[in-house]
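The same chain A turns up in both complexes below, where it pairs with chain B and then with chain C.
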Partner chain A sequence: MNKTSNRFRTFYLSLFFVILYIPVLGVVLYSFNKSPSTASWTGFTLDWYRDLFNDKVIIESFKISIKVALLTSILSAILGTTTAIISTYVTSKMENVIRGVMILPLLVPEVALGVSLLLFFSTLNLPFGILTLVLSHSLFCMPYVYLMVLLRLKEIDISIIESAKDLGATRWQVIKTILLPLVTPSIITSSLLALAMSLDDVVISTYMSGPTSTTLPVHIFSMMRVGVTPKINALSTLILVGTFFIVGLSQLLNKKSNQ
Partner chain B sequence: MNKPLLSLIDINKYFDNFQVLKNVSLDIKDGEFLTLLGPSGCGKTTILRCIAGLETVDSGDILLNGKSVVYLPANKRNVNTVFQNYALFPHLNMYDNIAYGPRIKKSMTEDEIKVRVAEVLHLVQMSGYEDRMSSQLSGGQMQRIAIARALINEPDILLLDEPLGALDLKLRKHMQRELALLQKQTKTTFVYVTHDQEEAVNISDRIAVMNKGVIQQIGTPREVYNHPVNLFVASFIGDRNIKEVEILENNNNYHKVKLGNNTVTIRCSRTAECKSKPGDKALLAIHMDKMKIDCNEMPNSIKGKVVSVHYAGSQTRTELDVNGQSLTAIEYQNEDCEYKIGDKVYITWEESGAILLPMEDGFEESGV
Partner chain C sequence: MFNKEKFKQNAPAIPVLIWVGFLVGLPLVFVIILSFLTRDDLGNVVIKFTLSNYKKIFDPTYLKVFFNSFLLATLTGLITLIIGYPVAYFTANLSPKKRSLSIGLIMLPFWISSLLRTYGWIILLGNTGIINNILTKLNIIQSPFNMMYKFSTTLIGTAYMLIPFMIIAIYNSVDKLDKSLLEASYDLGASKRQTFLNITLPLTLPGIAGGFTLVFIPSLGLFFISDLLGGGMTLFLGNVINSQVTKGRNKPLAAAFSIGMIILVLIILYLYGKLTKDKKGEGLF
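This part shows the complex of A and B:
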């Protein structure tokens, strides 16, 4: 009985993942296809990858994406962590208000968020570019940092904080010597998540990109208008590998800190 | 009379509308081992937290070395706490845990810290554990580190909140002896919270018995054990038979009282106990282990019937029926009289084992 249900579970999960990842696998496969068409497989090649690295526009937008993603993960780590720590020092009513406000960007549809940010930044006369990209990406990445850090903070035994106070620590010293070291794994994990989310965001970036600051996903999107080329397959494969790496790393760190 | 090291003066404390401390006043002498004893929820831990500064008081004053500390936050008071769950910092090794206090207060140089950490670790018999993390230690070891982490600051008072609560019985007994020894070695004032009356009697210089936010009695373990002032203390500390009696005569500190159909004589040793007048109701409390069962009639004995005999190693617990009232006797050995269930026996007790307490409203025998 147990064995059959076990076998069924394995079968179900395998089927689930196969269906989920077959399209992705196709992209990876065709990025090595000699023929530019997806109709037939004519042999293995790395030409598309070579093309990719010779494409100045793609390299440039990749650099911008990385720059934006790094700045976003740093900014959202700082803002998210600060808010999470502050919210543990206020009344529970205030804490609920903070939580509501912080989670809001996750609930508002990205299209609406993009439009409102567009209007907001143009009113401020802010030039569209890396700055606006980082600010808007941080808006939807910060909630993840906030939530993950808050979760960790809630796990900390109150008597650990009390005993630090008892041993002579001021509030700021408690934060610096006890709270921050204890939530560091969560900060790292969540900022890696922010990095990954910023890297593959299209909707918000479409609104926010300036003339000289197109991110990679936005550029891919514009390339798609003239059809899917094998170059896009190659690029997508590289992005996929990069994202897997980042998410894997964050999972690994998370697991390690939970032990 | 020495000035007290710490004085609590009329402390009142509310949690929402519930009053957890009611006019608590307490003087703690320098160098003593004082235990706050009471059932859970009686406010003993709250008193400890008020002394530590982790809880604010709603009214009253706390004097440490004669100076009011009620408005000082916890980090400015020279008292340290050992928490029930140890509360070691999980991200620091044991050396850094112990060094936390002096480092945060910048009260010592790193060289001094090194010497002092070695000293306190030696004191709690944990030398060599400097590099361990708390996840690598057992409960008893973590408790020792927690004590070392507090003692390195040389606090005026060390507060211990049921520090042995999570340990198994054998280790707890061992740690009780060590704590008492440690207190004498360091000459530090210990304020200890426990709900275990045996633990309190074993290790304390003085015990403050608490119930429902009120200190019922303060005294040496001997005083509290032998001369409880009221029903609560009498029933909380030591196993006693407590019966309602009527005073028949009060004669030179000897009371003749009516227990059921029997008349017995009780000597009262404290003036508070000796004020009753004939006709008053009172409570007679007799230590179960000061009772003796005889086969033949003895002076001042009462007649009863054996209801059950429960043999438990070194002691025998016998339930007796005296004209419908039940009494329990605990005897360590009885070579004079062998009895079995249903036998008629004669019951006496040591004079010092019986005391009279004021009658209390709502006293019900079954409820005690």
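This part shows the complex of A and C:
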């Protein structure tokens, strides 16, 4: 590759990443602005953050979001991993059926999925709240766990499993002592991804929230519709820091288990 | 023929199929049924067969909504392709260390709240936003330049939200490209341009098709972007479904529109399948 095209490559990529991150940096920057308007920068303040901790509705919806996200990631980790392991034992035809069924929730646009679940659950008379939120969130989180665990399972050397079987290991023993430990890093990464996706979901949560159980993103969305206030910036910044903490943690855990 | 041996092998899959079937299959069947029902004046669903919900789709107002959504999704696909292809292509040609940095930067937005990323554009494009501030300070413009609440604002927000999907899909196919083919092409005297058009582009077509599909589908339903950036000036399918369910209380109509949206998705998936039929192992996921 010659010099000019090399320079162009660097320029294009840098420009792209600058544009990709400017909107995010803008939000973070203005969370520290004294003026409530973005029209001018009047000085540094942490007042908006203080406001946040005094807002009971935000604290409440945050608690609900965390509860839902934790339950969702546990449920999807269990279901996704089980499905991935099961799919390696069935016939290849059935494996394709399982794959198709698991990917289905990702192929239906979120609005359509949310509306169909809303109509379905309300007919079943399920109370809208944490239960419906966890059920619906696990629906779009579980496929990721399944896919990531499956990817790892396919990399496992078949001969290890064969020799375990030759030595008289039962199917359950093979799963418990060989498969599960080998896929643990994938389970951890994908359930952290599930955690982040559940914490971030707006569309489906709009339909699944109950009268007393609004999730944080649904609440933020309703705040944003009213107008721009630095309080939203401060809240978004805190969420950003929280998510990066989760990402960092997952990277760290991954590195450790790889050693 | 019922095969006992095979059934025994496949038996553990049954609970999985039931679980997903119960949460996705049944609700969808439910929506299909509902889309043929009527509602009374209070918004309650009445069990009476009708086709009027589907007829409404062909009403000029709603046909426009379908057209807007289709246009938004297609343009989002094209824009993310044009901007994203070079990013994917250049990234694949970087040194290993720089490459993982670049991939990390492409993937990181997946972890950033989608509301925050949409809100960022309000901060940037608003009448008192960053861009207008800078332009006014530099005396390039006297009064704020209105960039919000337009079709193009929604388009920018949607493309921005979904571009990582496009880049990753293309990157995967560029990365798999057999480099010896490119060398052979150069050895035979082909120019860079010729090599790109005759070898790289056709061979990365599955990646492009995959990226397009991954961008097209969600762009139909991200109603919060058009709500926040478009201000409801242009109506999209997602907004109409959402308002019919939450405010309009016309659930059968919302159901019919959801089915319409799913049919749009199926068309795209069918086209994707056709385009990548003879390329094995290039699954969407």
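Everything below uses one rule, namely that the second predicted complex is superposed on the first by the 239 of 259 C-alpha atoms of A that agree within 3 Å, B and C clash if a C-alpha of one lies under 4 Å from a C-alpha of the other, contacts with A are read in each partner's own complex, and residues count from 1 in each chain.
Note that in this section contacts are C-beta pairs under 8 Å (C-beta built on N, C-alpha and C of every residue); 3 or more make two chains touch, one makes a residue touch a chain.
Not measured: the values here are computed from a predicted model.
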{"item": "Chain C versus chain B on the shared chain A, clash or fit after superposition", "value": "fit"}
{"item": "First, second, both or neither for A:212, with chain B first and chain C second", "value": "neither"}
{"item": "Which of chain B and chain C A:83 touches, first, second, both or neither", "value": "second"}
{"item": "Partner chain(s) touched by A:27 [first = chain B, second = chain C, both, neither]", "value": "second"}
{"item": "Touching partner for A:181 - first (chain B), second (chain C), both, neither", "value": "first"}
{"item": "Partner chain(s) touched by A:96 [first = chain B, second = chain C, both, neither]", "value": "neither"}
{"item": "First, second, both or neither for A:168, with chain B first and chain C second", "value": "first"}
{"item": "In the superposition, chain B vs chain C on chain A residues touched", "value": "C"}
{"item": "Which superposed partner A:160 touches (first chain B, second chain C, both, neither)", "value": "first"}
{"item": "Touched partner set for A:42, first chain B, second chain C, both or neither", "value": "neither"}
{"item": "After fitting on chain A: smallest Cα gap, chain B-chain C, Å", "value": "14"}
{"item": "Residues of chain A contacting chain B in one complex and chain C in the other", "value": "none"}
{"item": "Interface residues, chain A side, partner chain C - complex", "value": "1, 9, 12-13, 16-17, 20, 22-24, 26-27, 30, 37-40, 79, 82-83, 86-87, 89-91, 94, 97-99, 101-113, 115-120, 123, 135-136, 139, 147, 196, 199-200, 202-203, 206-207, 217, 220-221, 224-225, 228, 232-233, 236, 239-240, 243-244, 246-247"}
{"item": "Chain C residues touching chain A - in the complex, by the definition given at the top", "value": "6, 9-10, 12-13, 16-17, 19-21, 23-24, 26-28, 30-31, 34, 83, 86-87, 90-91, 93-94, 102, 105, 108-109, 111-124, 126, 128-130, 133, 160, 163, 217-218, 220-224, 227-228, 237-238, 241-242, 245-246, 251, 254-255, 258, 261-262, 265, 269, 284-285"}
{"item": "Contact footprint of chain B on chain A as seen in their complex", "value": "157, 159-160, 162-170, 173, 177-178, 181-182"}
{"item": "Complex contact set, residues of chain B against chain A", "value": "52-54, 73-76, 79-81, 83-85, 87-91, 100-101, 104-105, 149-150, 153"}
